[in-house]
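The two complexes that follow have chain A in common; it is paired with chain B in the first and with chain C in the second.
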Partner chain A sequence: MTWATVQALLSHWRVHRLQLATLLIGIALATGLWSAVQAINAEARASYARANAQLAVGQFDELRDPSGPIPMSRYVELRRAGWQVAAVLEGPYRVGGRTLRLMGVDMVAYPALPAVTEAEQSAEATEPADMLTAPGRLLASPELQPLLRGQTNLPPVLITSALPPDVILTDIGVAERLLNQPGAISRLVVLPNQPRDRLPLNQIAPELKRISPTTQVDTARLTDSFHLNLSAFGLLSFAVGLFIVNGTVGLAFAQRRGMIRTLRALGVSMRRLVWLILTELTVLALIGGSLGLLLGFFLAGALLPDVAATLRGLYGAPVTGQLTLQPKWVLAGLAMAVFGTLLASGHALWRLSNMPLLEGPGVQAWQSNSRARHITAALGLILVVGGAFAYISVGGLVAGFVLLAGLLTGAALLLPALLATALSALARTAREPVSQWVWSDMRAQLPGLSLALMALLLALAANIGVSTMVSSFRLTFVGWLDQRLTAELYVTARDEDQAREITTWLRPQVDAILPIRNVELFHETGPLFLYGVVDDPVYRQHWPLIASTYSVWDDVMAGNAVLINEQLARRASLWPGDELKLSSKHYLPIAGVYSDYGNPTGQAIVSMAQLDQIAPGAEMRRFGVRMPPEGATAMAQNVREQFALSPRVVVQQAAMKAQSRAIFEKTFVVTSALNVLTLGVAGFAILTSLLTLWTQRLPQIAPVWALGLNRAQLARLELLRSVLLAALTACLALPLGLVLAWVLLAVTNVQAFGWRLPMFLFPWDWLWLFVLTLLAALIAAALPALRMLRLPPADLLRVFANER
Partner chain B sequence: MEPGDGLHWTVWISAANSWKKRKQIMLLTIDRVQKTYPGGRPVLRDVSLDLDQGQTLALTGESGSGKSTLLNLAAALDSFDGGEITLDGTRLSTLDDAGRARLRRNQVSLVFQQFNLIPSLNVAQNLSFHARLAGVEDTTWNSHLAERLGLSDLLGRFPENLSGGQQQRVAIGRAMAARPNLLLADEPTGNLDETASETVLDLMLSLVADTGAALLLVTHSQKIAGRLDRQVKLSGGRIQ
Partner chain C sequence: MNVKTLLLCLMTFFPLPLWAQGYAGLGGSAEGFDVPKAGYAFDFPKDHGPHPSYRIEWWYLTANLKGEDGRDYGIQWTLFRSALKPFETDDWQSPQIWMGHAATTTPDGHFFAERLSRGGIGQAGVISQPFEAWIDEWRMAGPDFDTLTLTANGEDFGYDLSLTAQGPLVFHGDAGYSVKSADGQASYYYSQPFYAVEGVLRLQGGDVRVTGQGWLDREWSSQPLAADQSGWDWFSLSFEGGDKMMAFRLRGGRGDFTSATWINADGSTEAIPNGTVQLTPLRTDQVAGREVPTQWRVVLPDRGVEIEVSALTPNAWMGTRFEYWEGPVTVTGSQEGIGYLEMTGY
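So, the complex of A and B:
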C-alpha cells in the first residue's frame, strides 16, 4: 500500500515539473546563500584559530607594560628570578609597499612555539641553530614568497604553511634589527610549568601587568560583530529563499487535496500520508540542499578573497583567501535545508492533515482571507512593537538585531493588509469597468502573491537600508579623508638620520613639515597607539572632531589634554572631561574625540613635547609635507631622486586617498553582493508565484475574455498588475529600508566597528532601485503575459466547459 | 426604483415587442460550418442553421455531439475550419482577435452552466460589468433587472457568498444589462435544482421576450427545450 501511495503522491511532480524545479531552486537558493556566508565565517574563524594556535596567542598569560615597551633588563631579571617567560617583539614592517606584521620571539626561551616546531618538521627543514645564529631565518607563509623573494636586506626566508598570511616570524634578535628597536620587548609570554618558589611579580617588576588569556583582545573576538553582520544577511537571504519554498509547497498541497481525499477514501490513513509527505519533503530538501551547497561553495569561493581583504584591512585579521570544504559545513547546510523546508511547509502540511475527508479541492475564497489577513497584520504589529521594545529596554548589538528581526518580519506580515487597504482605496477611485476589475482582481490575487511580495519587500528594504548605510559611509569617509589627509606629500625615511636630512632639505621649499611619530601602548581595552603632533593650523581647522571641549587644541598643544579616537571612546566609555591613563605616571583629561574610520585599534593624540615625556625615543621617520598642491608631483619626484627613495615611501595625497577608497569599496563587496543576490531571489519568487498561480488565474481571466477583452489587452493588464503590485511594495519598502539604515548606522555599526556615522538620504538611488524593481516585476510577469497572449482559445473555453 | 422608471421600461419593452413583430430579421446564420479539434477529431460537420431576431432556439444532443462547440463558435469565442457564421451582417471568419472581442462586447451575451462570475467583483459590479465594457450602461435598467431577478438585496455581496441559483441570476442580469442582440446560454440550469432551474429559465425567457433579443440555448433537457420556439438536435456533429 505504501509504495502505491508513494507512486500516487510522486505522480503530482511528474505532471507539475516546473513546480518541482521551482521548489528545488527555492531550497537551493535559500541554502546556497546561507551556506556561502557560513563557509566564509567558518573559514575566517578557522584561520584565526590556526593563527592563534601557531603563534600561541590567547593560550598563555602575558606580561605587558601599560606605558610602552618592556626593557631588556626587566626580562633578564624575571628569568633570573625563575620566571619561565619568553620575550616577544612585534611591530609593523613594510616590504615592497605592503605592511606585514613582524613577530620576533625569543626562540631560546620558547623553542616549542607551534609555528616553529611545525616549520622544523617540514620538507624545507633547517637546523634549529640556523634560526638563532646570524643572519637568522625568517618564517613566512607561501603567500608572501613572491614578495620576500629578492629582498637583499632580509635573512633567508623559510616558507611554511604553519603561519597565517601577513605574518613574518623570526627570532627576537633579528626582529630587533629589522624593526630598529634594539633591546625593546612588546610583551612577555608566561610559559606553562612555572617553578613554585619563584618571587612574586610585584617584587621584581611592579610596573608589569599580568593579563589572562580570557581578557586578551584576540582577532576572533574583535571580528565577532563583523561575522554576526554577515550571518544576519545570510539569514535574510535564507528567509527570502524560504518564501519561494513556502509558496510552492502551499500550491502543490492545494493542488493535491483532491488526490489526498481520494487516497483517504481508498483507505490510506492520514497519519501514513503525513509521514510519507514528510519523507518526500525531506528527500526534496536534501536534493535542493545539495544543489544549494554546491552553489554556496562556489559563491563563498568567489567572495572569500574580498572578505579576507576586508578583514585584513579592518582588523588586521589573518584570513587566507582559499576555501576548504569541511564536512561539518556540509552537514550543517543540509540540516538547514531540511529544517527550512519543513518550517516553510509546516503550515500547509498542518492544514492538509486537518482537512475533513469530504472537503473538496475547493477554490480559493478570497473574501474569507480577510480575517486571516487581519490576524497576520496584528501579529506583524506585535513583532514590530516587540522588537522596538526589546531595543529600547535592553540596548546593545543583540537587541539591535532583535529590533531588525522584529521590524523586518513584522513589516512583511503587515504587507498584505497594507496592500489590500491601498488597493481598496485605489478601487474606490476607479470609474472604468476594466480598471475597477483590475484593482479588485489585484486584491483577489494578493493571497497567492503575498509571500513573493513579502520577499520583495524584505529584499528592497535590505537594499535601501544597506545602500543608504554604505553611501552614507562613503560620503562621510570621503569627507573624513579630506580632513585627515591634509598634507600634500607623505614621506617615510629609511631611518631617523635620513629623516633629518630630508626635512632640512625640504624646510625652505615647503609651507610646513608635520612629523608623524607614534608609540604603541597598552590600554585595558586593547592596543593603544599614541601619536604626537606639532601645532599647525591644519589640525585646528580640519581635524574631524565629533566631540570636544571649548579650548580643545589650546589644551592639547599646551600638554594639558589628549584627543582620543571614537573607537577608544566607545570601547572604554571615555568622553571629553574624562581622564585617560597613558602610563602609570601619565594621566591626561580628554579634550576631544575624533572619527577614525577603518582603524580597529584605539588611538590617542598628544602634543609632540608630551609624547617625548611619555615615551622618550619614539622614532621620527615619517612626516607629512604641506605645500601648494600644484607643486606636489614635482616635489615628490625631486625627493625620490635626491634621496634615492622608492615611490612607495614618497606618496602623494591623491594616491593615498585613491588607495583608501579602494579599500573602502572592498569592505562592502560582500554585503553588496548578498544584497543583489537577495533582490534576484525575490524577483525569482515573483516569477515562480506568477507561474504557479497561472492555472488558478484562468477562471478569473476567461469570463472577462468572453465578455469582450482580447488576449493582447489581458496580457497587457497582466503586466500592469505585476508592475503595480511591485511599485506599491517598493513604496512601502522605502520607509522600512530607511529605518533599517538607521539601525545599521546607529546600532550595529557602532557595535561592529566602533564608530557611528551620520545618515544621508539618496533619492536618486531610490529612484534607480524603483526602476529596477519595476523592471524585475516586468520581466517576472513577461512569461505569464506571453503565455496569455499565445493562449489558445480552447484553453480559455475549458473554463466554461460543462464536463471539465 | 422611482414610479416613473417602471413606466419608462414598460414603454420601452412594448416598443421593442411591436418592432419585433413587425420585422423578422435574420440575426444569426450558420452556414455549413466545420470544426475539427487538434488530433483530427471532427466535432462539427457542415452544420447550418438560422436564427431570427427575437427567436428562441434550443440546441439539444448527447454529450460530445458538438452543442457547446457550436455555441462557442457563434459567440466568436473560437474559430471554425470551414463554412461561415454571420452575426447581424458581420462575417465572423473575417474578424481578427480584436474584432471578435469587439463583437462579443457589443453584440453577444453569454450565460454559462458554471456561472463564471468575476469573483473579485460584487453583485452590483458583476451585473453592470458587461454593459459598462460595451459602453451602454444604464443604471435605471440595471436597477430594473436587479429587481426582476430578485437581486436588489444582494448587490453588495460577493459571488462566493451566493447560492447557485442566485449566481445564475446575476449571470443572466449581467448578460441582459448589455442589451445584446443575441443571448447564448450553455446549460444555464445544469448546476441548479429543479425549482431554481424553473425560476432561472422563466426569468431568462421573459427578459429575452421583453427585450427582443434572440436566444440560442444549449440543453440536455427536453422539458426545457420544449419551452423554446424551435429545437435543433445535434448528433455526431451533424444536425438531425
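So, the complex of A and C:
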C-alpha cells in the first residue's frame, strides 16, 4: 500500500518535470547563496585564526612600551629577572610593490612557532645555522612564492602553509637587518611555563604594559561586523530562495489535491500521507541542497579572491584566496536546505492535512480572507515598530540589524494589505466593466501572488539600499581622494641620504616639498600611526576635516594640538577638545578629526617639530612634491632617471587615485554580485507563483471569455496584471530601500568600517531598476500569457461542462 | 661531563627533527672551527670562560645532597654553548647559542627546566674572572672558580646553593686531552669534583636545607663523536674514603669505546684506557616509554673495583628538547658511595 501511494505521489513529478526542476532550483539557490556566504566567512575566520596563532595573539599575553620600541637591554633585564619572554620585531616591508608584514621572532627563545615546526617537516632541509646566521631564511606562505622568488636582495625563502598570506616570518636577527632597526624590539611575547619566584613587572620595567589576549587588537573581532554584513545578505538570499520553494510546493499541492482525495478515498490514512509527503520533501531538500552546496562552493570560490582583497585592503586582515571544503559546512548547508524546505512547505502541508475528505480541487486553495490579511498587516506593523524601538533603545550594530530585519520583514508582511488598499482605490476609478473586472480579479489573485511580491519587495529594497550605499560611498571617496592626494608626485627614497639628495635637487624646480614622516605608536585601541607635516597652505585648504576647532591648523602647526582620523575618533570616542596620549610623556589636545577611508588603523597628525620630540629619528624617506600638474609626468621621469629609482617609488597622483579607486571597486564586487543574484531569484519567484495561479485561472477566465473577450485580449491583460503588481511593489520598495540605505550608511558602516558617510540619492538608478523590474515581471508573465494565447477553446468550454 | 652531551648539544637547541638530521652528519666535520690537540697548556682563569671558536662547550654541575629531613637529593645545573659559526658578535647576529638545563631529583620525583638563548646580547654567557656563568636568572658565579653560588628556577622547583672547592682541578685523558673514539675524535676535558655544597632546595612541599658534594665538568670540542656512535653512558662516582672515578662508554656500531679516570683523594689521577673498565646493565626500567638501564655493574679489575650502581629515582628523565636520563646514583659492592649517571640514546 505504501509503495503504491509513493508511486502515486511521485507520478506527479513525472508529469510536472518543470515544476520539479523549479523546486530543486529554488532549494539549490537558497542553499547555494547561503552556503557560499558561510564558506567565505568560515575561510576568512580560519585565516584569522591561523594568523593569530602565528602571532601568538589570542594565546599569550604580550608586553609593549606605549611610547615606542623596547630597547634590547630591557629584554635582557627581564630575562635575567626570570621573565620568560620572546622578542618580536615587526614592521611593514615592501617587496615587488606590495607591502608585507615582516615579523622577526627570536627563534632561539621561541622555537615552538607553528610555522617553524611545519617548515621542519617540509622537504627543504634547513639547518639552524642557516636560519639564525646571515643571510638567514624567510618563511612565507605558498602565495608569496612567486612574489619572493625573483628577489635577489632577500635571504632564501622557505614555504610553509602555516603562515598567513601577507606575513614573512624570520629570525629577529634577519628582521633587524631587513627593517634596518638594529637592536629594536616591537613587543615581547610572554611565554607559557614561567618559573616560580620572579620579580613583578613593575619592579623591572615599569614602562612596559602587559596586554592580555582579550584586549589585543584581534582581526577576527575587527572584521566581525564585515562578516555580519555578509551573513545578513546570505540570509536575505536564503529567504528569497525559500519564496520559490513556497510557490512551487503550494502549486504542487494544489495540483495534487485530486490525487490526494482519490488516495484517501482508497483508504490511505491522512497520517500516512503526511509522513510520506514529509519524507518526499526531505529527500527533495537533500537533492536540492546538494546541488546548492555545489553551486555555493563554486560561487564562494569565485567571490573569495575579492573578499580577501577587501579584507586585506580594509583591515589588513590576512585571508587566503583559496577555499577548502569543510565537512561541517556541508552538514550545515544540508540542514539549512531541509529546514528551509520544510519551513516553506509547512503552510501548504498543514492545509493539505486539514483538507476535508470530499473537497474538490482548486477553487478555494489560494484564497484567504481579509481577516487573515489584517492579522498579517498588524504583525508587520508590530515588527517595524519593534525594530525601530530596539534600535532607539539599544543602539549599536546588532540593534541596527534588528532594525533592518524588523523593517524588511515588517514591510513584507504589510505588503498585501497595502497592495489591496491600492487596488481598491484604483478599482473605484474604474467605469467600464472590463476594467472593473481586471481590478477585482487582481485583488482576488493577490493572496496567491503576495509571497512572490514580498520576495520582489525585499530584493528591490535591498538593491536600492545597497546601491545607494555603495554609490554614496563612491562619490564621497572620490571627492575625498581629490582632497587628500594634493601633491602631484609621491617619492619614496632608498634611504635618508638619498632623500636629502633628491629634495635638494628638486627644490629649485618645484613649488613645494612636503615631507611624509611617520612612526608607529601604540594606543589602547590598537596601533596608532603618527604623521608629521610641515606648514603648507595645501593642508589648510584641502585636508578633509569632519570636525574641528576654530584655530585648528594654527594650533597643530604650533605644536600645540593633534589631528586624528575618524576611525580613531569613533573607536576611542575622542573628539575636538579631548586629549590624546601619544606616549607616557606626550599628551596633546585634539583640534580636529579628518576622514580617512580605507585605512583600518588609527592615525594622528602633528607638526614636524612635535614628531621629532615624540619620536626622535623617525625616518625621512617619503615626500610629496607640489608642482604644476602638466609637468608632473616629465618630472617623475626625470627623478627616476636622475636617481635610478624604480617607477613604483615615484608615483604620480593620477596613478595613485586610479589604484585607490580600483581597490574601492573590489571592495563592493561581492555586494553587487549578491545584489544581482537576489533580484534574479525574486523574478523567478514571481514566475513560479504565476504558474501556480495559472492552474486555478481557468474557472475565472472562462466566463470572461464566454462574455466576449478573446484570448489575445486576455493574454494582454495577463501581462498587464503582472507588470502592474510589480510596479506597485516597486513603488513601495523605494522608500523601504532608502531607509535601508540610511541604516547601512549611518549605522552599519560606522560600526563595520569606522566611518560615517553622507547619503546621496540616485533617481536615475531607481528608474533603471524600475524598468528592470517591469521587464522581469513581463518575462515572468510571458509564459502564462503564451499559454493563454494558445489555449484550445475546448479547454475553456470544458469549465462549463459540469465536471467538478 | 663528557661526550655525552656533545651530540646532545649539537643536536639541541631546537626540537626540529629535520634540522637534527642535518646535524647528524656533523659528527665527522669541524669546518672552520678549531680542533683540540694533544699537549694543550691550559690557561686559568681564562679557560674557565668560553671558547667561541670551538663548536661545543659546557659547564656541567651535578651534586649529591642530603637533606636535613634525612632524605637523598640530587641536582643538576648545566650551561651548554653551541656555536653555529666560529665567532661571536654583540647583537642578535651572534651565532653562539646557549642552553641551560636544571633539575632536582628527590627520592620520589624528578623536576627539570630548560632555557635557551643566543649569545651576544647578554642574556646568557660566561666570564672567567670573576667567574660568572648565566642564562636568564640562572646563575653560577663567584669571585673565582673555587667559591661559587648556584641558583636556578623552574615552574615547580628551584635551588640556591653555595659551592666550595676542597681539592684541585682534575684533568682527564692525556692532561686534559680526552680521546672519544678509536678514530681519534677528542675534547678538552677537566673537572672540579671536590666541591662541598650547602644551601636550600625549593620544592613544592617547602624549602629543604641540604649539604653534600658537587662535581663540575668543563669540556669543549668541535668534532666530538665518530659517525657510528649513537649514545653514551657516563658515570661520576665518589667513594667513601675520598677516591673518585669518572667512566664512560660510547656505544658505537663498530663496538663500544670506554674511557675512565681514577681520581685519588688528593686529586692525583690515572687515565684508564679504552677497553679496561667494564660497564654492564643489570636491570632496566620503563622510563618515558623506553627501556632505560637503571642498575649497572661496574668493574675495574686493576683497582679491584666491582660495584653495583643503582639509580636513586629511576624516573630521572630529562624531557627537554633533546631527551636523556640524568640522575643521582648509589654505589654498593667493593666500594660504597654516591654519584651521578647520565645516559643518552635510549
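To be clear about the criterion, the second predicted complex is superposed on the first by the 767 of 804 C-alpha atoms of A that agree within 3 Å, B and C clash if a C-alpha of one lies under 4 Å from a C-alpha of the other, contacts with A are read in each partner's own complex, and residues count from 1 in each chain.
Please note the rule applied: a contact is a pair of C-beta atoms (placed from the backbone, for glycine too) under 8 Å apart; a residue touches a chain by one contact, two chains touch by 3 or more.
Here the structure is a predicted model, which means the values were calculated and not measured.
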Next item on the list: For A:706, select first, second, both or neither according to whether it touches chain B, chain C, the two together, or no partner.
Entry: first
Next item on the list: In the overlay, answer first, second, both or neither for which of chain B and chain C A:441 touches.
Entry: first
Check: Which of the two partners, first being chain B and second being chain C, lies in contact with A:332: first, second, both, or neither?
Finding: neither
Margin query: Quick check on the superposed pair: does A:196 touch chain B, chain C, both, or neither? Answer first, second, both or neither.
Written below: second
Item checked: chain B versus chain C as contact partner of A:433, first or second or both or neither -> first
Check: Counting only touches as set out at the top, which of chain B and chain C does A:80 meet: first, second, both, neither?
Finding: second
Next item on the list: Using the superposition on chain A described above, determine whether A:793 touches chain B (first), chain C (second), both, or neither.
Entry: first
Item checked: chain A residues within the chain B interface of the complex -> 363, 365-368, 432-434, 436-437, 440-441, 443-444, 699-700, 702-713, 793-794, 796-797, 799-803
Item checked: List of chain B residues in touch with chain A within their complex -> 37-38, 63, 68, 72, 75, 77-79, 97-98, 100-102, 104-106, 110, 112-114, 116-121, 125, 128-130, 132-134, 158, 160-161, 186-187, 190
Check: Can you list the chain A residues touching chain C in their complex?
Finding: 72-73, 75-76, 79-82, 84, 106, 108-109, 111-112, 116-117, 120-122, 125-129, 132-134, 171-173, 176-177, 182-183, 193-198
Check: Hey, which residues of chain C end up touching chain A in the complex?
Finding: 13-19, 21-23, 84-85, 91-95, 97, 113, 116-118, 121-123, 134, 136-137, 153-158, 202, 321
